[in-house]
Structure formats: structure tokens, C-alpha cells
Amino acid sequence: MAQGKGGRAVTHGAATGHAPAQSFLRRHVFSVDHKVIGRQYLDLALVAVVTGMVLSWIMRFHLGWPETPVPGLGKLAPTGAAGGVITPEFYLALMTMHGTIMVFFVLTTAPFAGFGNFFLPIHVGAEDMAFPRINMTSFWVTLAAFLVLVSAFFVGDGPPLSGWTAYAPLSAVGKDAGPGQGVGQTLWAVSIAMFCVAQLLGSLNFIATTLDLRTRGMSLARLPFATWAWFITSVIGLVAFAVLMPACILLILDRVAGTSFFIPAGLVISDRLQPHAGGSPLLWQHLFWFFGHPEVYIAILPGFGIVSQILPVFARKPLLGPRVFIVCLIAIAFLSYTVWGHHMFLSGMNPVSATLFSVPTLVITIPATIICLLWIGTLYGARLRFTTAALFALGFVSVFVSGGISGFFLAQPSTDIYLHGTYFVVAHFHFVMGVAAMFGIFAGTYFWFPKMFGRMMNETLGKWHFWLTFIGVYCVFMPMHYLGLAGNVRRYSAFTDDYLQPLIPLHRFITIAALFTGAVQLIFLFNLIRSRLRGPVAPANPWEATTLEWSTSSPPPHDNFGGHPPVVTHGPNEFGGVGPQDYVMQAEPR
Amino acid sequence: MSTTMVPPVLTPRSVATADRGPERRVAETGVWIAIGTISMSFAALTSALVVRQSSGADWQHLHLPALLYVNTLVLLFSSVTLELSRRRLGSFGLHATLMLGILFLAGQGLAWRQLAAQNLHLATGPSSAFFYVFTVLHALHVLGGLGGLGLVERRLAAGVLSRTTFKAAALYWHFMAILWLYLLALLTIRG
Amino acid sequence: MGRLFAVVVTLIALASATIFALHIWWLPPDISTHGARIDRQLNETMVVAGVLFVLGQLALAFFVWRFSTREGGPSRPSRAFPGGPTPLVVLATVLVGVEILVLTFVGSKVWADVYQTPPAPGALQIEVVGEQFAFYFRYAGADGKFGAMHPELMNDATQNFFGLDPANDTTARDDIVVGSLVIPVNQPVVLRLHAKDVNHSFYVPELRIQQDFVPGMVIPLHFTATKPGKYELVCTQLCGLGHYNMRAYVEVKTRPEFDQWLKERAAEL
Amino acid sequence: MIARVVAGLVVVSVAGATAGPSHLPPPAGTISGKVTYTGTPPKMRPIDMAKEPACVTDHPTPVMTQDVVTGSANSVRYVVVYISGGDQGAPAATDTVRYDQKGCLYIPHVAVMQVHQPLEIFNDDPHSHNIHPLARVNPEWNKSQPKGAPPIRTAWDQPEFIPVKCNVHPWMHGYFAVLATSHFSMTDSTGEFSITGLPPGTYTVTAWHERFGTKSQEVTVAGSETKTANFVLTARPY
């Protein structure tokens, strides 16, 4: 209690509500408890991922059989798919919404905001986030952003069709540019701007919590790997979303206020001269990709952390080179801001800068390769236990390697000349940020579910889920590399070009594999719901793990540690001892 | 399976910074992070301005209303009164800061009206567009700062104000002044 | 379970790599002067990346096979990786580092050849407009001069795709505007890409060339086709609902055929 | 397929030629005439449909541009002649105006209809089109119609000459002439038109052409006579 100079008592800030709230609404809906908020984020991500996946099914079906009506779709979308036949603009709208929902509301929301919210405070030994109310605000803004985005399905011409990258001027000139480019595109921009605000607030919380609320003995070196990853992701997000938000504001102004930030003079769209002048389409691309490339790491770094945390647990030995791992994460975070131009090799920017952007892009593979080797090296001499979480973590390594390696082709301007804009790119980013991040989310779910809900998930169902998904995703995305090599352009709603005709059978194979892999996810959904209601009661530490969340009950009490903040005496990585207990928990007394 | 529970340790609310209290750092850290991210946003807009300036030949220098310099003085003075208040924990300076902050916003509003009277609107040209974007965004951030100061005032009146909260709020407020000086310079030189 | 994982990963890796190696789906034959170098760069990258891919997956499979515990099997202590992380760090840095150096060194030359060298003098000048959702091409006509473009005159309804003003601009009157890119074989060609409305992209797989159209910019692109035939030019930058159908044919003709074609088009004016 | 197109043509031309409500009792007058031009019209040029091979094969000889179609003796086709002042006839006919997309062309090039009259747009081609009426008074829309999709049924609420375009095939260009009156006609390949079923009275007759603009004249019809009203439009070469 500090004594003010003027004699007035100055106390600590009012307690931030660590007593459990009483009303149902306060406890489960408008809760400031980070665990409730984390679950809310994950529930939102679940809704989003189901939505995004259904959209991709319709897209894939259309690509395989473009003229076959989709049963029932004519009723759901009478404008976009009259009689169930999908129009090109409806396909692009599905694609735009699929990309936007998946990148923002699944790959950012689940592994980062969802798991991070639930476990980061527990990992550092805190009762809650640094700013619980801001935390709650962050979730509700995210939810509102999602609703705004989805509402584009129900307005005028439907959702926008300019892709998740929303390149200007297509995204900026309004409805002359096509259906959905009116109100739908505006809603998109508003939604993303709101999402940026939410993520900035969230990142602020993550960073402040990690820096200031660590319990006694929890030095930075003893932070669990997942928390390191969330912390670094927050730093990336803090910069990336801070750039995307003003970019979206400028885009909205171009659309509704008649400014010309991104729209140059002399555009004639559908025979109409546009009343704009002087803007720069490349400016949008620079601003977007300055966010967009780091966003890839926002999606994948939490996966790195989750896998690095899970692998040692099931390998029963410490992660190889924990410090190297952290240094590599930091290196990736730093480099992620120097590479955005590799999305723009062919965009008309100065060709000299292509080489300048190519080099850091290739260099970033060094820390990524080191991390993969650390994981594989961790397996050396391990005593692997094959839980579903372990399988997904191992699967993560496999798909990340597959996705990462195709990056070599796209990072070089010379080979990008041919492969840019083809399915090779689709294959690359789906493996490296889509599938890999999803595997991270699955691994995290199977690993942490007992802690979050106090019940175990069904391992048999889990293993079926893993095997079918693992094989499925390779069948879906590996052939896309072949399509790309054959010059198959992406974002096409149908393949009418002569040279694409021979590729249609391969598209059908991918479609069947995608529908199959999608259907397999029903096993996961079923497991999730059944285990939440009827799974066996989970002990505090079912996996014999070391980090702080396993020191408290499953699920943790309201203040996480029952009024007894833990004192940390060990690192998170102490596995492999001999004796009945081969590990040392972080809070184990010396 | 071992399910080791931690034995109760008798360190109520002990954290790494136990000697100084957890709240002490959190508010300040939060504001520093906010300063970082706000700076990044304005840096992005600055680079947008530079790119936009070279992309079209339609850039016409915007003569800033002289009122802005008066507003600048108001904002700077409000920082001084806030600092005095914080050093001596008096509420008078805080009130003054709040009033000056509101005055600054009113002044900005007046400046926008002056420009509008000269037919310089958001969509008139790139320089006016950037002017409005920068100043409105800044004003919104100042508005947020006023909210923070209002909270400080309430807590001070209730006698529950922590030094760190006050310091954090002041830090943010001073940053608003610095940000404004930067924007003024940018808009004067490149606007 | 570990053995199953190892087997599945091995099978996936080998099957995927085999399909790559057999070129079952592969690039169409190259018809440009610069394409061979791009192909070589792509092949070299394919070999290096393929080796890394197979090695990485096999290492993962092998370690999982070797170090999985069987249910109820004897408990043995875990072993640390010999030498700790350092050898792996060195391995990754050296291996990937050398690869990066080689690829960049060779690759940046290939890139520079295509995008940073001026076109050959005397190259055939062709103007290209990309619009929702077609490409149009313009040849200078008998006077060798292109008429100026006026956006306010651009109108699909009157087939004025380039915004020409023949009423006042005599150089525009003989400009030949067509919907296919017709070029003579072995003749250097310079395109100037204009975007009429939104971003588009110029992609001819056989020519190994791709370049965005950006509104507000005129982007030059040059190449030389080496084999007569009919190829497809497609748009690779999302431009709206008809993106999938934004295409044109590229017809590479012998010199006499080309001259004849140009003469016929001029007669239509 | 062809039968459908022909049927559509018949429907439209019937709607055009006998647009007057036939059930009205006589006397009913007729205004007929011919539309010609002075000056040099733009040259009709072959349309380059190379990007859509199916449409190239649909037309053994190249199709010429249709924005200005002239015939012998300076006649002008696709001129909409209608009553802009005077009796406006019956409200919207319930018969449907049919508009076809075939061989990457709009058939007919100009479709004349009344406000609120049902309009059906068919895609007879083996590929997708988008229909983009560039309306300014009426609400503008832009929809694709893939192969096999049902016809688009719509109607317009305000009189307007609406350019129609297909963005996928930029040369595809036509007009919806949406009129408040039921007294209208469109010139044929000889430039002739005929507005029938006019009750006695004085009329402002207006001729509209998409490139040559509009001209009007006053005509008084008494009883069941046929009055002649010729129009001469001014053509410019570019």
C-alpha cells in the first residue's frame, strides 16, 4: 500500500472479480473468467469450422461435377444456386467466405485465442488474464465480427467474391464489380476490422499476462512451450493486426465515402467510368500481405507450441533443444515481417525487390527446418505412447514437412513465374497452415479436453478419427500439387479451358477424398459431444505431464489453483527419469 | 498414474513481482503494449500516405487550419496539468486535464468544420482524405484516453486509485500528445 | 500403432514422390526461349525438395517405428539424442543454407533474364487490355503507331475495348484490335499490359510466363515463342464472377502466315 | 432448341407488331413509317468470339456488330418507335417477353416490353453467361446463368432503355426497352415499323436508337386510318 505524497491513501486497483460470479449469465455468458472465454472461443471456432467446411464441400462438389445440381441448395440459396446449379459468383462467394472464416475465425481463433485463453494464465500460474474485462470484450467483438461476416449471406447480392485477400480495386469499387461486391463486401471489411480490434485486445492481454502475472519461480525459461508460442504469436499479432485494421478502414472509406486510396484513375467497369483517381492497388496488396504473411505464422506457431508441449509428454523424454526451439520461434517471428513481398512477385512491383523478398523467405526455412529436426530428434530414444493426441502431434510433423517443402518452389521468383496462382499454391498453404494448424488444434483438443471438461475423450474413436483424417488430407491436398504443375489455375469455378479438361478426373478424386475426409470429422464431433456428457471422469494429470495445468484439478477451479498459487521449481521439460515417476512437475517441491 | 497436487504454499497472491504488487506492472505494461500497437497502426497509415502520394499526380498540399496549432497547445498544456496532478495527486490538475482534453476535441471538431466550409471533405482529394483519417483516428484515441482519465478521477475521488493506474493513464495521455505532434509534423510537411 | 504410423507415412511419402518423379502430371512442353531455364530451376528444386521430403518423412517414420513402446513391453529408460541439438542445428543450417544459396544464385539469374532485361530491339509491340472477362490485343496497324487510349471512350457495346478516338485521332484508325494474341514464331514480342477495371493476370503455361495486370499501371512483358501452334492464355488473378472463363488463345504462326493474317485484319477495318 | 428460339422470336415480334390491345373495339388507327439515317454510319464489323470456341462454331460466317444495323436505302434496324405522349394503351401485357442468349448473342438484340411485363431470360448455350442490365432508374443486377440453370424471370418497374451486357463475353450487348405504353413497334431489317390499335387522338411518336439518339413528331389519328411518320436519324461514323 503506497502512501501518496499528499497524504491521501493510494490503494491497489479494485479487485478484478476473482470471486466467482453468481448469476448464470455472468458465469457462463458474459464471464470474465479466462477459462469460460477460452471455451467460448473454441465453441465459436467449432461453429466456424463446420460452416467453413460445409462451404468447401459445396465448392468441391461443384468442381467435380459442375453441372449437377446440389440437392436442396436451390432452396437454401435461390439467388446463388437457382435450381441447385451453382453460379460462378456463388462459387467465388463460397470460396471467399471459406477462406475468411477459416483463416480468421478458425485458424486464428482456435489455437491462439481459444487454447491460449484457457491455458496461458494457468501455464504461468495466474488466476486470470491481466485484463479480464478486456478479455471478455475481445471475445464478444470476435463473435460480433463473425456474425457480421456471416450476415453477408443474407444481404442483397450475397457474400463478396474477391477472396480472403480482397484485392483492390475489385474489393474497393463497389457493386459495379460484380454481385456481392456491394453490401456483402462492405460487411466483409467491417467484420475484418472488428476482428483486428478483438485480436489486438487479445494479444495485449496475452503479452501483459505473460510478462507480469507469472507466479513465483516461473522464469521466462520455465514457460511451457505452448505459452512461449502464444506469447510470440501475440507479438506478431500485435503488429500484424495493427496494420490490417487501418487498411480495412481505408478500404471501407474507398467503398462508402468516395475516397481513392486504392483505386486509380480511368477505371472502366462494365462500361462505366469510375469516379476515382490516383489510388494505388499495390498499396492494398502491401498492407494486406504485411499482415497476411505474419498471419500464416499466427495460425501455425501455436501449433508448434502445442506439438512441442505434447511430444515430450508422449515420448517420455524432454524436447530436444528447448532453447533452440524458442530462438527459432523468435527468428521466425522476426523474419515473418520481411517476406510479405513473396506474395507479390508477379504483381507488377519492381522486379529487383522480388529477389530481396525471396532471400528472407528462403532463410525462414532454416529455423523451420531446425524445429522439425528437433521434433524428430526428440523421438530418438523415446518411449512413445500412442494416444490420439500423440498421433495428431506426429501427424502435424508429417503434414508440416510436406507443406513446408513446397514452399521452396513458391519462394523463388523464377519458379513462382510458373506456379503462382495455380493449385500448387492451394496445396502449399492448405498443408502448411490449414491442415497442419488443424492437426495442432486436434492434438490440443485430445490433449487438453480432460483438463477443460473433466472428462476423458474416447481414444478408440479418436484413433479412427486420426487415421482416416491423416490419409484423407493427403488424398485431398497432395494431388493439388500435381494440378499446379499441370498449370491448373486456382479460384476457377469451372474448368472450361481445353488444357484443363484432362485434369477433371483428378479433381473428382480430390472431391471424393474431401467429402470423405469431411465426413470423418463427424466422428470427432460425436466424440466431442459424447465425451463432454458421458466421458469417464478425468484425473488431474492423466497424461503424466509436467506443466501447471496438470497440477490442479480437472477442470480447474474458478481461480485455477484453489487459492494457492503454485510456486514453480522446475522447467516444463523434465521427463525421462527412472523410477515409478519418470517426470518432474513444474510445481513439484524440490 | 501420478496426479501430484501441489502442497499448499502460504504465499497469498505471490507473483514474480510480489514485492511490488501485481497491479503495479500490469496497467503500465498494458499501456506500453497499446502504445506499441497504436504506433504501428499510424506507421502503416504513414507508409500508406507516402505510397499514395507517389501513386497519383493528384496530390495537393492541404493548408492546415491555424486552429490546429491552438489545439496543439491545449493538448500539450493538458499533459502538463496531468503530470502536475500525478506528481502531487491533486484532483484539480486532473479536472483541468479532462477539460482541456474535451476542449482539444471540440477544437478538432471546429477545425473539421472550417475545412468543410472550404469544401475540403473526406473525398475531396487524397491529402484531405488522409487528413481526416489521421485526425479522426487520433481523436478517437484521445476519446479513449479521456475515458481512462475519467476512471482515474472516479477512483481518486473514491480513494482507491493506485499510483500505477494513474501512471498508466498519464503515460497514455502523454503518448496522445506525442502522437499528435508527430501527426501535425507529418501533415504539415507531407500533407 | 507406431509401426502402423511408420508404414502409412512411408507409403504416403513414396507414393507421392513416385507420382512426381514419373511426371504423370507435369508441365506442358515449353515453347519459349527463356522457359528451359525455368524448367531446369524447377527440376533442380524438385530434386532437392523431393529428397528433403522423402528423407524427412522417412526419418519420422523410422524414429516412430524404432522408438514406440509396445503395450505391456519392458520399460526401458529413454535416451537423449547423441550430441544434443547442436548437430541438428548445424545440419539444418548448412544443408538448407547451401541450398538457399545455390537456388538463389541460379534462380535470381533466371528471374532477371525474364523480368529485368530489356526486350530485344525490334521486338513486335502489342498492347493488351485485360477486362472483366476477356483479353483484347492491339496491333499498331499500317502507320506503326498506336492511337492514344481514352478511358471515357472505352465501351464494350461499341467494341471500343481500347478507348480509341478514331474521330479525332488518325493514328487510331488503323489500329487492329482482336481477341486472340497472334504472334510470329521466333520473333521477340513486347506486350504492354493495361488493366481496364480490376487486377488480372497473363498466364500461358507453355510460354512459362505470368504477369499481373494492375489498374493504373502499364506493365511491359516480353518473350519469344519458338513453336507454332495454338495455346491458351488464362487469367490467374481473381477478377470477378467470370474469372474462370477469362481466356484467349495464343496463336503462334510462321512469319508468312502472320503477315497474311495481319493483312486480312487490316482489310476488315 | 432452335424451335424454342423461334418461338421466342415469334412471341416478341408479335408483342412488338400487334402491341395494341386487340380486344379494344374499333375504330383503331395505325401509325407506320420507315426510319432512315443521314450521314455516315459506323461500319458493321465482325465480332471476334475467339475466346468461346463453342460460339465460334455456332456461326459459320462471322457475326457482325449489332449496335448499328443498316439496310438498303439507308434504313436502320432496331429502332424502337413508341407513343411517348397521348393515349398509353393498356397496362402491362401478361404474355412473357422472351430473351435468349444463343451463340453468344442476345436474341433479339433489343427486347421491347412494358413496365411490369414478365421477362424470361434463357441461356441456350452450352456454357455460362452473366446477364448484367446496366439499369440506372431501375435496380441494377448482375447474375450468372450457368448451363442448365432455370430461366431468370423478372420484370421492370420503371420505363427505361437498359443496356444489357454479358461480362463473360464482352461483345454481347443488347437492350431492354422498357416502355410505359403498350403502343410500340420496332423497325425490322427494312427499317419499317407499324404501331396499330391506336384510338383517335393526337400522339407524340418517338423513335429511339441506341447510337443515334431519339427523335419525336406529333401525329394525329382520326378513326381507323393509317398515318405515316418517317424518321431520319443523324449518323456519325465513329
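By letter and in written order, the chains are A, B, C and D; residue numbering begins at 1 in each of them.
Quick note on the criterion: a contact is a pair of C-beta atoms (placed from the backbone, for glycine too) under 8 Å apart; a residue touches a chain by one contact, two chains touch by 3 or more.
Predicted, not measured: the structure shown is a model, and the values here were computed from it.
The most central chain, judged by the distance from its Cα centroid to the centroid of all protein Cα atoms shown, is A. Inter-chain contacts peak for the pair A-C. Farthest chain from chain A (centres taken as the mean of C-alpha atoms): D.
Centroids of chain B and chain C (each the mean of its C-alpha atoms) stand 47 Å apart. Computed centre separation for the pair chain A/chain B is 31 angstrom, with centres defined by C-alpha atoms. Centre-to-centre, using mean CA coordinates, chain B is 63 Å away from chain D.
The geometric centre of chain A is 54 Å away from that of chain D, both derived from CA atoms. Chain D has residues 127-128, 130, 142, 144, 163, 165, 167 in contact with two or more other chains. Residue positions of chain C touching 2 or more other chains, listed in rising order: 131-132, 156-157, 216, 240-242, 245, 247. Residue positions of chain A touching 2 or more other chains, listed in rising order: 87-89, 178-179, 264-265, 270-271, 279-280, 282, 494, 496.
Of all possible chain pairs, those that touch are A-B, A-C, A-D, C-D. Those residues of chain C lying in contact with chain A across their complex are 1-2, 4-5, 8-9, 12, 16, 19-20, 24-28, 37-38, 41-42, 45-46, 48-49, 52-53, 56-57, 59-60, 63-64, 67-69, 75-82, 84-85, 88-89, 91-93, 95-97, 99-100, 103-104, 107-108, 110-112, 114-116, 131-132, 151-152, 154-157, 163, 196-199, 201, 203, 205, 208-217, 219, 232, 234-245, 247. The residues of chain D lying in touch with chain C in their complex are 42-43, 45-52, 65, 67, 127-128, 130, 142, 144, 163, 165, 167-171, 173, 210-211, 236-238.
Looking at the complex, you find that chain B touches chain A at residues 1-9, 11, 13-18, 21-27, 29-30, 33-34, 36-38, 40-42, 44-45, 47-48, 51-52, 55-59, 87-90, 122-123, 126, 129, 133, 137, 155, 159-166.
Taken in their complex, chain A has these residues touching chain C: 87-89, 92, 161-163, 165, 167, 169-170, 173, 177-179, 181, 263-271, 273, 279-282, 315-318, 320-321, 324, 346-348, 351-352, 354-355, 358-359, 362-363, 365-366, 369-370, 372-374, 376-386, 391, 394, 397-398, 401-402, 405-406, 408-409, 412-415, 417-418, 420-422, 463, 467, 470-471, 474, 478, 481-483, 485-487, 489-499, 503, 506, 575-576, 578, 582.
Interface residues of chain D, counted against chain A in their complex, comprise 127-128, 130, 132, 134, 140-150, 152, 163, 165, 167.
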